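These are the structures, in structure tokens.
Shared between the two complexes below is chain A, which pairs with chain B and chain C, respectively.
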Partner chain A sequence: MSSLALDPKVAVERVVGVGVLVLLAAGPAVFNDYWISTILTQTLFFGIAASSLVFLYAYGGMISLAQTALMGISAYLLGNMVTQRVPGGETKGLTLGWDPTLALVLAIVITTLIGLVFGAVASRSLGIYFLMLTLTYAVIANYFFGQVTQFGGFSPIAGINQYTPGFVGDLIDHPDKLYYIALGTALCVYVVTRYLARTPFGLSLQGIRDDPVRMTSLGYTVPLHRTLAFGYAAFVASLAGILLVWWDGQIAPGNIGIGATIELLVMCVIGGLARIEGAWLGAFAFIVINNYVRDVELPVVGGSFNTIIGLIFLVIVLVSPDGLMGIWDRLWGAIRRGGGGGRPEPAAVGASTAREAGSS
Partner chain B sequence: MTEAPTPVEHAAPTLRLRGVGRRFGGLVAVRDVDLDVAHGERRAILGPNGAGKTTLFNVIAGDLSVSTGTVELFGRDVTRMPARKRARLGLARTYQQSRMLLGLSVEDSIYLSILGVGDGHLRPVTLPRKDRELRERAREAARRAAIDHKLSELVGNLSHGEHRQVAVAMALASEPKLLMLDEPASGLSRGERQLLTDLLLGLDPEITLVVIEHDMDIALRVAERVTMMHDGRVVVEGTPEEIRANQLVHDLYLGRHHYAADE
Partner chain C sequence: MFAILYVLVIAEPDDGTGGGWRTTNFGSALDDPGGFLQVLLDALTFAGLLFIVASGFSLIFGLMRVVNMAHGSFYLLAGYIAYEVQQSMTGEGFSIPGSEVNTWEWVFPMIVAAACVALLGLIVQQLLLSWNQGEDLRQALITIAVSVIIADQVIAHFPRTGVFEVGGGNAVSMTWPGWTERFVDLRLWGVQYSLARLVMLALGVVVGILLYLWLYRTKTGMVIRAGVDDRQMTSALGINIQKTFAIAFVVGAALAGVGAVVGSSQGNIASGQDTQWLLNSLIVVIIGGMGSLLGAAAGSLLYALVLTFSASYLPIIGTECCTNYSIVITFALLAIVLAFRPQGLFGRAG
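Let's look at the complex of A and B:
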């Protein structure tokens, strides 16, 4: 097959992708306020955070549990820097009252730098050890902001979305604006991440995912690649953190606890860890289920979001380890075989073959 | 000849080992190996399974550190140099158990091999002119290894024999000064073996070649000198004719029990 000829599967995916984008761009003309401000805005920014996790796994072979924490770090940084001390009020954190634009840039830059440090420390670990290290980061961040009262403490830093940069404007009275900012950011993150995968940095990262020892003998500095990938993922997570506080207005230790960490992982697994699109698909499924299934009463166990999401998670893991995107990949394969095409399905081979090659 | 005194070259040899040993706990995989491979030489390393050939390869390439002795490449002491830096000096190798980049296409794998010895590993942008040149070189290497009909195929979808071809293409593509192939013919069909033999015979004379090979036919046709290993030691070194005529080689390959009984 010529590399110029467009794979029909890619063509179908592009058509669907453009269709979804047009629908999302139409925004309030198609969806009601509840969908715009609750379902879709959340899907977009949780999808951004999830995409940072999927990026690390699909292209780097690393499962990071620190993405929620990094999201929270940027949210806390922003909250501490922008909020002002109100006379007689009980505002938490440092209440520095800095310029919102400066604070926005600083929150993103500092979170990225923290990600680089985290990444450098974890870059020589693989598999379960990498996972445990990133879990440690998550726990540290959670306890740090929960217990160091100067930076936050047990109760949330609130009212952060009152202090937005001038070019962003008032988000409280204009939820559509936040929706479009989230959409634009998600689109940029998606395009840049996909682009990155085709650059020398991205390709060598995928080589490291497949066999770090081989890549070392080809001349690559594996830990440096891993560190920078983690830095990029931290940058992406920091964007999600900013959108989270602009949407919610507040940030609390609960936003970055173990529960929230697991929820982000569940989104990724439902959507599919092998492909970056899975991040938003998983976030969408999770948030829809979260909002609509809350009140459903199950026989015997009663009504519980966690029970239902747990069952869905279990089914997905058993039926399609590559999540909803994996189901689509397999469906396509089945249609193709039915129609008489013969090539083995290449999708998702990469991530599923990510080997934990030790130095043995 | 059984004592195998290595002739000392005047110019620095491409590869020089002195007293190289490697132990894994109580197991001594390689002991006290001296080896000189001259610039442009074709050298085969033979020996039964467990003779220490692959361990020796790993020590030369830097995947393993030595327990004793020194390794010199291109006249430089590289004993403490990490594998990635040795690669950038001009050493390319293949692996016995194919270590392939299964999630990448054939072309991308070869591209990474070229990029690895060059600059811009971390470049986060594509540069059309530079990348086109690198990819042209990758496709050229694929043609030489006769795998250019599978350029856009994922390596994970290829057969064992094709993996060997990709591995050879990757090694050639980086334009190494020292090419080390670990059992390149194992698992290949007769036709593929012929192809490989032709490729090795047609190799640029400037490239120094060290090859571990069980197929005596290929090894003795390609090599100018042969080093025979057994129990981690070099036991015989000579020309292919000498090796063919050597009784010890026959014993080691054809009658190991017989040899063991003699000891």
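Let's look at the complex of A and C:
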């Protein structure tokens, strides 16, 4: 790959990416409060969760439906550890009242460990089996927090965002602060994920995606690579879970139910499963649709928002399985062919850089 | 290996009966054989229902490699359709006493419901799945989209009768025919057992036998099994494999319908059960192995045993512990099976 002679497509993507980043960094100066605190903050942290799913698919060839559950597990852990038992007040969960910084670290570490266990159990299952197994994890986690009343139970653990570490400060009165934390985290996740894909670990993971049998015969431990990749994805999802409770203040079984699991998958599919950037693009598209189409009544058939999202999902899967990023890739190819050939199409994965939060 | 696994999985629920914290809902099997038998029968009868639903799921997967994520939604739709049909046949309103329902008023709703979801299955298969054969993941995503739409539409329009407002997906239940509404004396440790639940088990066995005869004793079944083994070779021999796919999808969806009628007669039908039954089907086929009739039976049995025994025999400490942890035991079962056999108990490798 010659990186000196820059592919015009990569150049365009870099310009767009930097533009988006500048726009997002300017944030509150450009967008109104509703956009900052509702649409963009949600886009950023759901994009982080979605990127963990896209990472597993794009580099590991695994579709995991457990990312929402892992997000919820870290949120539940944080909620159980930081909330305090208020006299007279109704509190759910263990209400341990630990130091928020300690709780934050523990929530992330434990979620990652749980992810490693999940990954180890699933590591020998392939393709569609992997999808089914991770869906089973998701449903089990949902029922677990719904049924086991010590850790949560049916109604939400609330008021979690009152207990934030000192270096984070008060997020309830300063939504801009949470926005910038989410932006910074998203940027880090993007950069680290892209970097990880180029390390020997990332390269062998991609080798395993393409031909597990050959990689095994070359001496690579396939299940171990899969397990570690799943652990990293769990780590990323746990970050999204922390941001979710800081944003929402509460966590309930509904946040990690099958509906939420499918919503995350819809985001990834809308954005495009083959490229990390698609995660944020899809999250943005989904959340905008969610906010502006939610109250639309469907003519004739009736039903709610779910019918609309189901239809959008169906159309995307039928028309362009690789989502909006895939449409962009093909559009570019069409333009170039129209303009009289040129160099061959670059590989879709890993061809571009710096389109972090390529959402707006 | 299988034997070790079998012992492991079977031994798990037994722990609670013998030692441990000792306080359980039932005494140990030796002290309270009646209670043990009761729980065992609960497990077996539930396994019958599980098998009916999961065998349809397994059939579709085994032949076409399609994970029909809409299986639970089919179940939900069929349950409500059957409820409406039974309501309009008996005209009794919300809760029908069993004595008012004869066998035909239970069987006919089942036929209607199964036919409706079978037709829906056929439409989904022909319209959305037949042209992208072989793209596993895409087909799974398509069925997820279909399941979201169906579940939302069902909740928007059902139940229609016997409730204050149409729609909402509230819980309603079918009524077993009157003659099943009694307890049978088993003449064993004084156990009286619900006839309806025994009928549920019998139906599971009947479905199993019919499926066996169909798959192993008829020409269609032979073609289906050939298709499971080698799709391309089968169609190269001049067999219309697309037609076979359609038949399998129809039967698989219809089984979700039959299961829904049995399930909503025993318990109820309500929004959220689509997820519940998708999970049940998934666990059964993951444990048992995909596309294997025997696997579906073994998976149903194991899952039902673990679920029922852990709910009954986990120790009780206070009001909040520990029977609600049975979901964790289910995960353990899954993990143990997959650790030894990633393709499930009766699944073939690859």
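Quick notes
We adopt the following convention: the second predicted complex is superposed on the first by the 334 of 360 C-alpha atoms of A that agree within 3 Å, B and C clash if a C-alpha of one lies under 4 Å from a C-alpha of the other, contacts with A are read in each partner's own complex, and residues count from 1 in each chain.
The definition used in the following text is that a contact is a pair of C-beta atoms (placed from the backbone, for glycine too) under 8 Å apart; a residue touches a chain by one contact, two chains touch by 3 or more.
Computed from a predicted model, the values in this text were never measured in an experiment.
With both structures placed on the common chain, the touch criterion links A:217 to chain B but leaves chain C unconnected. In the superposition on chain A, contact is made by A:225 with chain B only, not with chain C.
Of the two partner chains, chain C is the only one that A:318 touches; chain B does not reach it. Once the two complexes are laid over each other on the shared chain, residue contacts for A:121 go to chain C alone; chain B is not touched. In the superposition on chain A, no contact is made by A:29 with either chain B or chain C. Contacts of A:207 after superposition: chain B is touched, whereas chain C is not reached.
By the document's definition of touching, of the two partners only chain C reaches A:135; chain B does not. Shared contact residues of chain A with chain B and chain C: none.
Those residues of chain B whose C-beta lies close enough to touch chain A in the complex are 61-63, 82-85, 87-88, 93, 95, 99-104, 108-109, 111-113, 115-117, 120-126, 131, 151-152, 154, 156-157, 170, 174.
Partner chain C is touched in their complex by these residues of chain A: 63, 121-122, 124-125, 127-129, 131-133, 135-137, 139-140, 143-144, 147-150, 257-258, 262, 265, 269, 301-304, 306-307, 309-311, 313-314, 317-318, 321. Taken in their complex, chain C has these residues touching chain A: 65, 67, 128, 135-138, 140-142, 144-146, 148-149, 151-153, 155-157, 167, 275, 278-279, 282-283, 285-286, 290, 320-321, 324-325, 327-328, 330-331, 334-335, 338-339, 342-343.
Contact residues of chain A toward chain B in the complex are 1, 3, 195-196, 198-204, 206-207, 209-211, 213-221, 224-225, 228, 343-344, 346, 349-351, 353-354, 357.
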